[in-house]
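Multiple structures follow.
Each of the two complexes below includes chain A, the first together with chain B, the second together with chain C.
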Partner chain A sequence: MTDTPLLKVRGLKIGATIYPPGERPKDIEIVHGVDFDLAPGKVLGLIGESGAGKSTIGLAAMAYGRGGVELTGGEVHVNGRDILQTGVRDVRRLRGAEVTYVSQSAAASFNPAKKIMEQVIEAAVLQKKFNKSDAEARAVELFRKLGLPDPENIGSRYPHQVSGGQLQRCMTALALCPEPDLVVFDEPTTALDVTTQIDVLAAIKDAIRDTGVAALYITHDLAVVAQVSDHIMVLRMGEMVEYGTVDQIINDPQEDYTKALVSVRSIRHEEKQPGDTPILKVENITARYKGTDFDVLKDISVEMYRGQTLAVVGESGSGKSTLARVITGLLPPSAGQITFDGRTLTPDQPTRPLEDLRELQMIYQMADTAMNPRQTVGTIIGRPLEFYFGLKGAEKQKRIQELLDEIELGDGFQDRYPAELSGGQKQRVCIARALAAKPKMIICDEVTSALDPLVADGILKLLLELQKIEDVAYLFITHDLATVKAIADSIAVMFQGEVVRYGPKSQVLSPPFDDYTDLLLSSVPEMKLGWLEEVLEHRKMESAGN
Partner chain B sequence: MHPVIKLVAQRIALGILLLFAASILIFAGTMMLPGDVAQQILGQSATPESLANLRAELGLNDPPVTRYFQWLGGFLQGDLGTALTNGRDIADSVGTRLKNTLFLAFWAAVISVPLAITLGLVAVRYKNRWPDKLISAVTLTTISIPEFMIGYILIFVLAIQLPAWINAAEFLGDPMQQWLLSNFRFSSVALINDSMSLIDKIKSITIPIMVLTLVVLAHMMRMTRAAILNVMQSAYIETAELKGMAMLKIIRKHAFPNAIAPIVNVVMINMAYLVVGVVVVEVVFAYPGMGQYLVDHVSKRDVPVVQACGLIFAAVYIGLNLIADVVSILANPRLRHPK
Partner chain C sequence: MKNIPISAMIGLFFTGIYFLAAIFAPLIAPYGMAEVVGDVWEPSSSEHLLGTDSIGRDLLTRLIYGGRTTIFIATAATALSFVTGAVLGFFAAVSGGWVDQVLSRFVDLIMSIPSLIFALVVLSVMPTNMITLIILMGLLDSTRVYRLSRAVAVDITVMDYVEAARLRGEKTAWIIFREILPNALSPLVAEVGLRFIFMVLFISTLSFLGLGVQPPQADWGGIVKENKEGINYGIQAALYPAYAIATLCISINLVADWILNRTTSLKGGRG
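This part shows the complex of A and B:
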C-alpha cells in the first residue's frame, strides 16, 4: 500500500486567461510542469510567495481551477486514476469524499445562511460516507478533538456567532468529516492572530496525526510549515525550486532562493537612545467610536523621538489602528491630548493647520487602494509637492525623480500606472508620496503585512535607510513581532485598548514578561523542528505549576 | 427586545408615516387640479348663485386643512365619501373594483413570480450559454413591447386566429377539433362578475394574465439572475463545489437563500405594479378594475374618487414594499440570530 502514492502529479501545467486593460485577452501559463508524489498519511508543505502557484497546485489535486484557471496539461493521479481524464461525474465523487479542502478564510467559506453543523456534515452525507446522525456524531467528535468549546452544541450556531479561530477549526472539521484520504490546507492559519494561530496549528497537527490523513499544507510561512510537514516543496513562479525533508530544507537548503527564504528577517537594527524632547507625545488618550459605549482606547500614553521608530504591536481588536486614527485627527479622542513637535494638535483633522498635516504623513497596508488607479506614479508623487510646496514644472519633475531614486525605482516609473507595478513597488510609491511632504513623522499602518516576506524585508530595509537620510520618525503599527524586532527603537504592546508594556526595545523584549507579552512572544513561529511541541509543552507545565 | 422585532416595528412605523405623507401629497395634488367641480356638475349654463350654493354644500369653501382632516378622518373610518358625478358611495364602487384588480394581480403573480425565479435560476446554471441567452432575449423582447401591443397581439392570435386554425386542421378529426375549440376558447374581453364560477373567471382573464406575466417577467428574472450571480462569486460557493455538489443544487441550496433579499424586493415592486400599474391592460380588455375606474373619474374631475384611488394605491405600494423590507430583515441570519 505504501508503495503506491496516494497522489501522483506528473508534468502538471496550469494556465489562465488574463484580461489586460485595453488589450485582447491573453492565455498565460502559471504552473510550468510540476512533479511530486504524496504517500498515504504524509504531509507535504507547499511553500512560496504569492504568484508561485501553490494554491493553484493544491486545488489541482481536486481537479479544480479557481476563477479562469484551467488545468492545461499533465497528470494528477489520486488513488490510482488520473482525475484530469475521468470526467465530471468522477471528479464530483472525488471532491468532498477522497479529497477535501480547508481555505484561508473560513469566515468567507462558510455559508452565512446555514448552521455550522449542516455545512460540516454536508459532504459526508452527500457522498454517502455516513448517514446524517452518524455524520453528526463524527462532527461532534471532531469538534472535541479540535478543542472547540461546547462541542455538542457549537454546530447549531451560525458562522457569524463564533470567532475566527473557532470557525477555522470548524472548517478543519468540515474537511475531516467525510474521512478523506487527502486534505488540502490552503493557508489555514494565515488570517489568524498569532496567539490564535498556534492553537489552530496544534489542533490541525493533532487531527492529522490522529486520523492518519494525508495533507497538502500550503503556506508562505516556512516556520509554520516546518511544524506540520514531513516534506517541503519550495515553489517559485510556477516551478519547483527545491524538494526535501523539512530538516533538510530548513537546516541545509541547497538553492539560493530557499536560502533567502530561510534567512528572511535577518535585518539587524541597533536600538537608538531616546533624545531630549519628544517629537510626539500622546498623553492619557481615551477614545470610543460614535454611537458605542465602549472605550476602544483606554488612557494611552506614549512618546516618540525624532528619527526613531516606535512600534505599536498588538492583535486585531487591540486598538492599534484606532490610535493612528486619533493621532491623525480622524477620530477625536474623548480625553487626553497630543503634542507634536512642541505644539498641541487639535483633536479633529479639519481644524489642523497645513503645517501639521504636512509634517505628519501616513502609509497604509493596502498600497493598492491607497492610490488612484487612474493617476500615474508621477502625478501621485507630484501632488503633495504641489499641495504643500507649490512646486511646478521642471522643479517638480526634478524632485519627483529624486524621490523615485530614493525609493530605488529607476527611470520610466513616472509614467506608469499603479496597475503596472508589483506589490512591493506600489508600497514604495506610497512611501515616496509620504516623503514628498518632508514630514517629521510617518505613521506606517501594517505596511508590510500584505507583502511577501522577501519583498517586505526590502521595504523595511528601505524605511530604515530613509530614516537615516531624512531623520524622520516612524510610528510603526503591526501585528508581526518579527517586523518589530527588525526595526523598532521602542515598543508599545497593546491589548484590548490598553498599553500593557512600553519601553525601549531591549527592555520590552527581555524577561521578566507580563502574561500577555509572554504569550505573544512565545506564539511567533520559529524556524526549527519541534518548536510547536516545545511551546505547548512549556505552556502545559506552566499552567500545571500555577 | 429582540433586534428583529425592533427593526420590524421601526419599518412599520416608517410605513405609516410615509402613508401619511402620501395622503398629504395626494390631497394637495388634487387641490391643484384645474377646473371647478361645481361648474363641472351643473354645466356651463349654471347661475352664479346655484354654483355658490353647491360649493357651500360640498364644503369647497372650507379651508384646505379642515377639508384634509375631514377627508382623512372619514377615510380612516371607511367613509371614502360620495362620487361627485353620480352621487354613489365610493367605498361601494371601489370595493368591487379593488376585488377585481386584486384577483387579476393575484393570478398574474401566481404565474409570473415562480416562473421568473425558475427562469432566473436556469439562466444562472447555464450562464452565457444558449438557455441563458434565449431566456434573456425573450423576456427582454416582451418587456420592450408596449403592453397594449402585447394585448392586441395575443387577442389576435389566441382569440381570433386560433379557432380558425383549429377549424382548418381537419387532420385532427372532428371530436378533437370540438374538444380543442371548447377548451381553448380565449375571450378578448375580460368581463367578470360575482355570479361566475372561479374557473370561468380565470378563463375569462387568461389573456390579461398572459400579458401581465410577459410584462413583469423580465425585470424579476434579470434581477434574480443578477442577485444569484453576485452570490455565486462568494467563497462558500467554492466550498460547496469542492464538496462535490452539483451546480443546480449549489444554486438552490447555497446561493438562493443568500439572494432572497434583493429578489423579494424586485418581486414586491412588480406585485405593486400589477395592482397599481395595470390601467392600460384594464382598458384594453375592458376589465372592471381600479385602473379604469380611476381613469374614468380623472377625466370627469371627480376629485373624491381620485383621492380615494390614490390613497389606496399608495397604501398597496407602501404595504408591499414593507413586506419586502420585513422579509429582507428576516432573511438575514445576522439579525435573526444575534451573537
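This part shows the complex of A and C:
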C-alpha cells in the first residue's frame, strides 16, 4: 500500500462488564486484538455470526462503545491520528464529519417527529461542512444518486411516509451528506425483503463508487458483502479468522470456518411425489382482519401430503403468516374451508376438538418469545405430554429425555431455563415441544430467519431428519428462497395475498417464470462476483419496495 | 442476600420489628389492652415507658395492640385486593373483547369516586367491624391492582408462548396462573409494599374519623383521635402513633424500593 491508510487499526481490544445473575459483575473481553488497514475509497466487509464482534469493531472506528462496551486497548488511527487518544473534543469533530454511520434499522434511527431533510443535513450543517442551502442541494443530489423517487421533494416528507427500503437509502444519504472519508454500514439491508435489498444494495454500491468514500460494510451475509466489498475480513468470537480479497475468500477460502460459511446451504433434498390423499387441503380461503376493509388473503387454495413439506414463500406483507393464523384457527376466514386429515376444521380455534389441536402444531420465528422464560426445558416439553397423553412421573421424564435426544441436546438440559440456551438450542426445544404432541403436521413460521446461517443449517437438517422418522408434514413459511430450495417438496409463491405460483418444487423453480417469481428468484444474493450487476440488467419487474 | 443496600437493611429491620411486635403483642405488652392503670396523660416513667393516654391506659400497650390491629387489617386488605385485582386484571387481559371492556369500564367508574368518600358512605350504612373494613378496603384498592395487572398482562398475552398455550388448547386458568402470573410477579411484588402502606394510611384515616376500628379496640389512627386534645396541652401522646405510622411507611417503602430496583434493573436483577 503506497499511500497512508485512511483507517489503521492495531491490536484493538474491546471489553464489557457483564452482570451474571447472583454473581458479582465481571469484566470480559469481546474483541481480542484485531488489526486491519483500510485505504481511501476502498470497501472492507466485516463478516461473522452474531456475537462475533463485527458491529463493535465497526463502531470503534468512530471511537464509540455501545451500551457499557469499553475500548480497552490498541490503536485506531483515522487520517493519521489515534482517535482513542485524542480526547472528547476531537472525537466530536470526527463523528458526523470524517466518519459517519448507517444503522441496521433506519425506521428506529430516524426521529419520527422531524422531516427527513432536516435530519439528513443535520450533521453536515452542525459540523460546518456546508451551510444549510448547500447541504440541502447536496442532499437532493444524493437522493437522486440513490435512486429515490422525486428527489426534490422527498426530503419534506416524514420518515413514516416513505417505505423501509427508501428510508434505508435516506439514511445512506444522511451518512454521505457531510462528505465523510469513511462510512460504517452496519447491516444496512438485513431488515429488508430480498427484492428491496437488491435495490438498496445497488444504490449503496453506486454511491460509494461515485463519491469515492471508503466504507466498512458489516453483515452476516457473505453473498451480500461479496457484491460491494474489495476486501473481506471474517470474524469469529472477537478474533480475525481470515482476511483477503473478495475473490480469494469466495473462491479459495483457507480456513475451515470460512469454508463452512461459503458452502452454507448445501443441503440436498430430493423432491417427493405427492401422495394420494392430502393431509391438509385449503380451499378458496379469503380472510381479513377485524376492522379493516381489504382481504389479506384472496382465494387461497393449496394442498399438502403426509410427510412432505410445502413451502410458502413471499415478502413481508404477502399474507403468508396470516395463512398460518387461518389454518391454526386464530383468524377465522371469511370464506373457504380447510380439511385436515379428512375432517373439516372448524374456523375458530376454541371450538376445535383436542385431537385436531394436537395433530396440528406450530413452531415460531422467535424462539425467545415462544417459550415461557419462567419454565424449565423439562416443563416446556413435558406439558404437551401431560396435557395430551396424561403422562406422569418417570414415564414423562423418559419421554422428555427421548425427545431431547431426538433434537440432539442430550442430558442435563431438562432443568435449564430458556435464558441459559443459545439461539439454536432454543429453536430445537421449540421443535421438541411441537413433536411431543405427535403431530401430523407442523407449521414452521420463519423458524430459521432469526438464526445465524450455520445454526440455521443445523436446524433445517434436523427438521428433515425428523420428517423421515416421524412422517410429519411441514408447512414452511419463509422469505428465504435458499431455505426453500433446501427442504421443500412443493412451493406456493405468495404476492399481495394471492398465490401467484404453486406446484411441485421442480416445476415452480424452472422456467418459464411469471414476473414476480422471476424477481424473487433473481433477488436472492448469490455467492459470486458481479452477481448484482448481472441481475439488475435482466430484471423484468420493479420491486414492490420502491 | 449479601448485597442488600444499607437503606433496605434499615427498612427490613424496622418492618421486622413492627411485624414481630404485632404477632406477639399479648406476650410483649406490659399491661392489658383496655386496662386503666394510671392517671390521665401521665408523663413517661419506669412503669409507663410512654406515659398513659386520655383515660389512663398504658400508651405503649395501646401502641403495641394498635399496631397489631392496624397491621392485621392492612395485611388482610392488601391480600384481598391483590387476589381480586390480579385475577380479574389477568382475566380481562386474557379474555379481551367485551369482557375486558365491561371490567375495565366498571373499574374506571369505581376509581372515579374518591375512595375515602366512597368508604365513608359505605361505612355509614354498614356495621363497622373488622370484616367489613377489610372487605371494603380490599375491594376499593383492588381497582388499582387491577389496572396494574391488566397492563402487565396485556404485554404478556401477546407473547408467542401464550399463543402456543392457547393453540395447545389450555384452559384460561392455566394460562393465567402458569403462563402469565410467573412473568408478572416482579412488578406485582414491588407493588404489594406500596399498596400495603396506602392500606395503613387508609385504615388510620378511617379510624381517626371515627368510622374505622371502634373502641375499646386500639389502632393507630384511633389512638391519635383519642389523644389529639392533649396536643393543646403539650402532651405527646397523639404523636407516638403518628411516629409509628411514619416509620412503618418509610421502612416498607425502603424495602419496596429495593425490590423494585432488583426486579426492574438489567444489572443486578434476576429477571
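Annotations for the structure displayed:
As a working rule, the second predicted complex is superposed on the first by the 537 of 546 C-alpha atoms of A that agree within 3 Å, B and C clash if a C-alpha of one lies under 4 Å from a C-alpha of the other, contacts with A are read in each partner's own complex, and residues count from 1 in each chain.
Please note the rule applied: a contact is a pair of C-beta atoms (placed from the backbone, for glycine too) under 8 Å apart; a residue touches a chain by one contact, two chains touch by 3 or more.
Just so we're clear, the structure is a prediction, and the values are computed from it rather than from any experiment.
On the shared subunit chain A, the superposed partners chain B and chain C are arranged side by side without overlap. Once both structures are fitted onto chain A, a short way to say it is that chain B and chain C open up an angle of 30° at chain A, using Cα centres and rounding to the nearest 10. Using the contact criterion defined above for the overlaid structures, shared-chain residue A:163 touches neither chain B nor chain C, since it reaches no partner.
With both structures placed on the common chain, the touch criterion links A:370 to chain C but leaves chain B unconnected.
Legend: residue contacts after superposition of the two complexes on their common chain; A:66 is shown touching chain B, with no touch to chain C.
By the touch criterion defined above, A:254 lies against neither chain B nor chain C after alignment on the C-alpha atoms of chain A.
Contacts of A:153 after superposition: neither chain B nor chain C is touched.
Once the two complexes are laid over each other on the shared chain, residue contacts for A:112 go to chain B alone; chain C is not touched.
Of the two partner chains, chain B is the only one touched by A:103; chain C is not. By the touch criterion defined above, A:123 lies against chain B but remains apart from chain C after alignment on the C-alpha atoms of chain A.
Between chain B and chain C, the smallest C-alpha to C-alpha distance in the superposed model amounts to 8 Å. Per the touch definition, chain B reaches chain A in the complex via residues 234-236, 238-246, 254, 257-258, 331, 333-334, 337, 339. Here chain A touches chain C in the complex through residues 19, 21-22, 25, 328, 330, 349, 352, 354, 357-358, 361-362, 364, 366, 369-375, 383-384, 387, 433, 437, going by the rule given at the top.
Contact residues on chain A toward chain B in their complex (touch as defined above): 62, 64, 66, 91-97, 100-101, 103, 105, 108-114, 119, 122-123, 126-127, 157-158, 160-161, 174. Only residues 159-161, 163-164, 166-170, 178-179, 182-183, 266-270 of chain C touch chain A when the two sit together in their complex.
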